[in-house]
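Okay, so chain A shows up in both of these, paired with chain B first and chain C after.
Up next, the complex of A and B:
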């Protein structure tokens, strides 16, 4: 039923246009029923987009190749989960997912906030609607997923590297992140338009921003793991433009989540926060543009298309309008307070923001430089891994240290003597860790050693905070130590959830430092029965097997693995030849040591007809901490995201105090 | 194809009904104006935020001092300032509430239907 899908998208576009015009008119003229009607249009837009998404999903599952999109992205032999994932595997489907998530966020943000922040929500609706109009217009007029054709006997199939379980979750999570950043943007613009630049737009968007940020973070980590196990080059992050496209808005959102605390506590950084929200939203759009336009060469960019110009125009318009609004409202954005001391919590957060922003803009420059150089010189010059690694160390290591310093300094002003007292234990732990690692030989990589030392410092501060807080709660009357611990977290979920997230970043840093600064690699061409060594591992090439599965021919080399005298069993690495797609993929062999977090990583680079195989083998210390960090990150985010009934009561009571009943 | 058009028609009707619902529910309302904050209410909101900010800061300082995160020296330097901020916010709020809002009421009863 492509007609239903097309009609549903036209309805979404119509609703978007109505919400934009009626919402703007209602806000400007102060019309209550018109404002409600515009809000309902956003909710209806979600319903109609859901219908369109249902049509595409049904066509995919039924292998209806009369839909050009279905024929282009799937085949009959494609396993059902990957057939479903084709929804976001191609350009039109992924744009539809963008719109679906966007309308869902729009409906949810309006529904959840129109009770206690209704005078602000009225101005948010037209902003949301403008973004909906852009995406629904693209889907109706430029890149429809409901284009039809005479159905071929079979589809073209899916890019082999996308046929991976991670692809079921990685792209939708990234989209949740990208699109979720529209919520703070829409509320910030609504606040600017209405001149209501009080705290409400921050409170209304806090959880949405945190949710989007979490989704973007987890999505990237899943993408890294996908690259690690599927792409088969031996790493998890290659500073690829499309990978960077997801990292940049995440960094901007990270900066915002920190600086917003300064605004809430001290009323400072109002302009800065609005600018960060604009930056994060623009970078989310830019990320979609990079992934979908085909302007960059990337292993993650699976489409070449004509939507790039539309995206660039929309980004340019939204940035220009947003900055004009900021300029217009500058008098209202002035902060009532100033930074009192360079040694204070707000100063530490500010340094954190500057470093995050510097890292973000450095990466942005690395992404756009090849495009600019091609436009100016006619030749695309790519900034390589060393460029990014250098700036990651320059900005990343101080950021790591600040994660431990910031939360323990007093607001406004801290004395140097107090700092010495506060940080004596974490410093001692860090120095002891650094010295021990130096003795154990970790001095071969200075940045790696510094990262470990700083990580120890941060971990010590986090443990100290939890221990002191729990002790204080116990002294304040908690009946047991576990109850004191849980009450500590429950009473300030944002703060202690934040510490858990910090702990995950430490794990990430340790995993990255271990696997990149202290890894080893060996290569050898082996015949059956021959062996090779790497570190204290010995690998013996035993056999080569071939088998046919539904959509590919699998070739696997089996290696026996020994560590010293201990037999660790076997490991398989090889290639898959995909029949329909006419492509070959590397299928790596990985043996993880759960105790040490180390991986033995084997790539069968070349398999000769006579059975000789060219192997490349890596040993990656601590790499599994990166994936553990993802779980800890999720835990911390969930703690921070958990609804806080006390805060809700406070907001409702505040609305009541100014005489505006907080009802929906 | 006919079924598709029927479903599309139903979807369009449903959406139109949803959008028109505020007008259908209240064809002739007593008031159709938005509950927007006037200047006095905005000022009151700012003062309430300042009060909550100061009280939250005091509460956090007390707890951080109790845990040992904030030293005695920093605590002594901060607590007076924060208490003064809180007292100022409360006093400003009282003053603002003493000034009659336009229409002679403190905090007008602004609907609540939106």
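Up next, the complex of A and C:
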């Protein structure tokens, strides 16, 4: 069995090398048969990687401890779902997952686009193949998941904190996101190499980018939810380098998804878009590197591993080569159109891009600063939470406001008069909301109040857009209001899906502002029967119970919760002591208010032998909106991603005139 | 081009702010010496752990992770103690040296959690 896995990976490497060399030669010399053969090699690489993945999965499920990887990451007692998740629980397995997703994306992108964008795809193949060669080389030569040993009686098992459902979905989603960003990168490089720098490469990759971006977004949110519910320190994001590693490419991809529209519509920002794609791809690689190399001080400790240097070299080479390509094609990349006015949709999108990029660079700077300062000053300096929070406000709040302005402002040039008409109602709604909240006492946090006001503004513009569009469709002959509404979305999925995603970002902003700017905390050491107050909640510590389960001792403190005079029932918080792993984990108690989205969050920080417990309690207003935002985000993305027959027809009919920026 | 120049300006801006404000040196116990400014101390929990983090404070020693130096810094810590804290673990605390004891800021302790990516190493007593 391990031989089959090893052989399959060698075959993948061989196919990758062939697709790289044959593909490049075919594209250079214009050989159609050879190009087709290279494309087929790329698709075959997916099949051989699938075989390798199948071997590892089988070994995991069958508890075949003669595979060192299986013995290191699982044990016999481990429940089957986590045995499967051990596939991405270790370094070699997650690299294999990278390669599997990479080849799958490569095969799909080639198959879907070689019909209508043939001359572009021939150049995409060698680029994709180069990335495949890198990963399959690592798996064959540096970090093989198929190393064998004399089988021990049982495996080492999995860290308890990873044995939860979040770890089934969170890492694969992040990988889908990271790897998916290879598709726009490969097509951008293909466009540069072929010199076909019209907007075809954007059209070919739009859905791939959107898909990768959605997966990355949902994956991060799941990670945050895991941190909130399972890790139990009372927060959901700590600006940890490993969290930042996923946020950076997401921000770069967000900027790209917006600026693409400007290029499609007006032929502008061509250089910018290529650079954004290079940035997003490099950050995806950098993210993988960060989680593997151990160069950063993270709450996730990573042992120094052999593949860090390889990654750094690969990032350096791909950045250097792609920038050289951009430089080489600079004359072809020059835009035929210019920005006409600083008050226009193009300009608003440009500001949005700059802010997103600024936020991305802020985080990148924070991540690499400890390393840079170590190199320059000989002492590593770590930037704390205040650094990130400061810049999140500086760049994030204007970004929030622009989200309401951008989609409504006129193309090319907007007059101040038209602005006044367009934004009259949203501004009124925002000011009214702000004033009301100020009266209600939200002035305790100015950034929080500003965030709420801006959020109200954006929501008002979105509602206005839906209302206006629905009314127009009704006037155009839709039979009923609901039908007018659905046909509105169906006829322009990208636009209205986008609005739904915007609404989710508003929910996210409100949730973050509520839970970070208006939260409260209280702590106390309580004996049984004693109580503590936080806000209008009263908590009474009733009892302490100990329970023995198969792998752990569970200690739970039971608290009675009252809000004002109303009895809200009980809440449990405590600790699990894992016997074999000799590890303790906090099990927090959370009571969510369905109506207001507020959480009462209880940590039993310290349980003394005499039964007194030191409690730390948070009240987090609106925090549940963050998780709701994830669902709305997914909905909006699915609307925007949904196949659109009309769009396909438009594409085909435009293929002849492509390259000429559409005017209107 | 406008965009690129703005990005460059932003980069300088970031450079400036991070040098001017915020940020603590991250050092190991052997590098602490008698430095009195606020630092982030990263080390291995060594020696007996005594006291109550929610009363007079938790007291323990912190030594270098790589183990080359024998230096051990006495640490006084109050506030939340992460799940994974115990002798032999890698931790990070913010604080400053006062009268020979490193007084940590309440609630600043971070333990490095055993990650899914890290194979078990010899210094991991689990």
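FYI, the second predicted complex is superposed on the first by the 643 of 664 C-alpha atoms of A that agree within 3 Å, B and C clash if a C-alpha of one lies under 4 Å from a C-alpha of the other, contacts with A are read in each partner's own complex, and residues count from 1 in each chain.
The rule is short, and it goes like this: a residue touches a chain if its C-beta (ideal position, glycine included) is under 8 Å from a C-beta of that chain, and two chains touch if they have at least 3 such contacts.
Since the structure is predicted, the reported quantities are computational estimates derived from the model, not experimental observations.
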item: Side-by-side fit of chain B and chain C on chain A, or clash; value: fit
item: Which superposed partner A:380 touches (first chain B, second chain C, both, neither); value: second
item: First (chain B), second (chain C), both or neither touched by A:410; value: first
item: Partner chain(s) touched by A:48 [first = chain B, second = chain C, both, neither]; value: first
item: Which superposed partner A:30 touches (first chain B, second chain C, both, neither); value: first
item: Which superposed partner A:119 touches (first chain B, second chain C, both, neither); value: first
item: Which superposed partner A:369 touches (first chain B, second chain C, both, neither); value: second
item: Gap in Å between nearest CA atoms once chain C and chain B share a frame through chain A; value: 23
item: Touching both chain C and chain B, counted on chain A across the two superposed complexes; value: none
item: Residues of chain A defined as touching chain C within the complex; value: 72, 88-91, 94, 156, 158-159, 161-162, 167, 171, 232-233, 269, 272, 291-292, 297-303, 305, 339, 350, 353-354, 357-358, 361-362, 365-366, 369-370, 373, 379-384, 386-387, 390-391, 523, 525, 575, 581-586, 603, 605-606, 614, 616
item: Contacting residues of chain A [partner chain B, same complex]; value: 1-4, 7-8, 11, 15, 18, 26-27, 30-37, 40-41, 43-44, 47-48, 51, 114, 118-119, 122, 196, 198-199, 264-267, 408, 410-415, 417-418, 421-422, 465, 468-469, 471-472, 475-476, 650, 654, 657-663
item: Touching residues (chain side chain C, partner chain A) in the complex; value: 2-3, 6-7, 10-11, 14-15, 17-18, 21-27, 31, 40, 42, 52-54, 80-84, 90, 92, 94, 110-121, 125-126
item: Chain A-touching residues of chain B, taken from the complex the two chains share; value: 1, 3-5, 7-8, 11-12, 14-15, 18-23, 26, 29, 31-37, 41-42, 44-46, 48-50, 52-53, 56-57, 61, 63-64, 66-71, 73-74, 77-78, 81, 101, 105-114
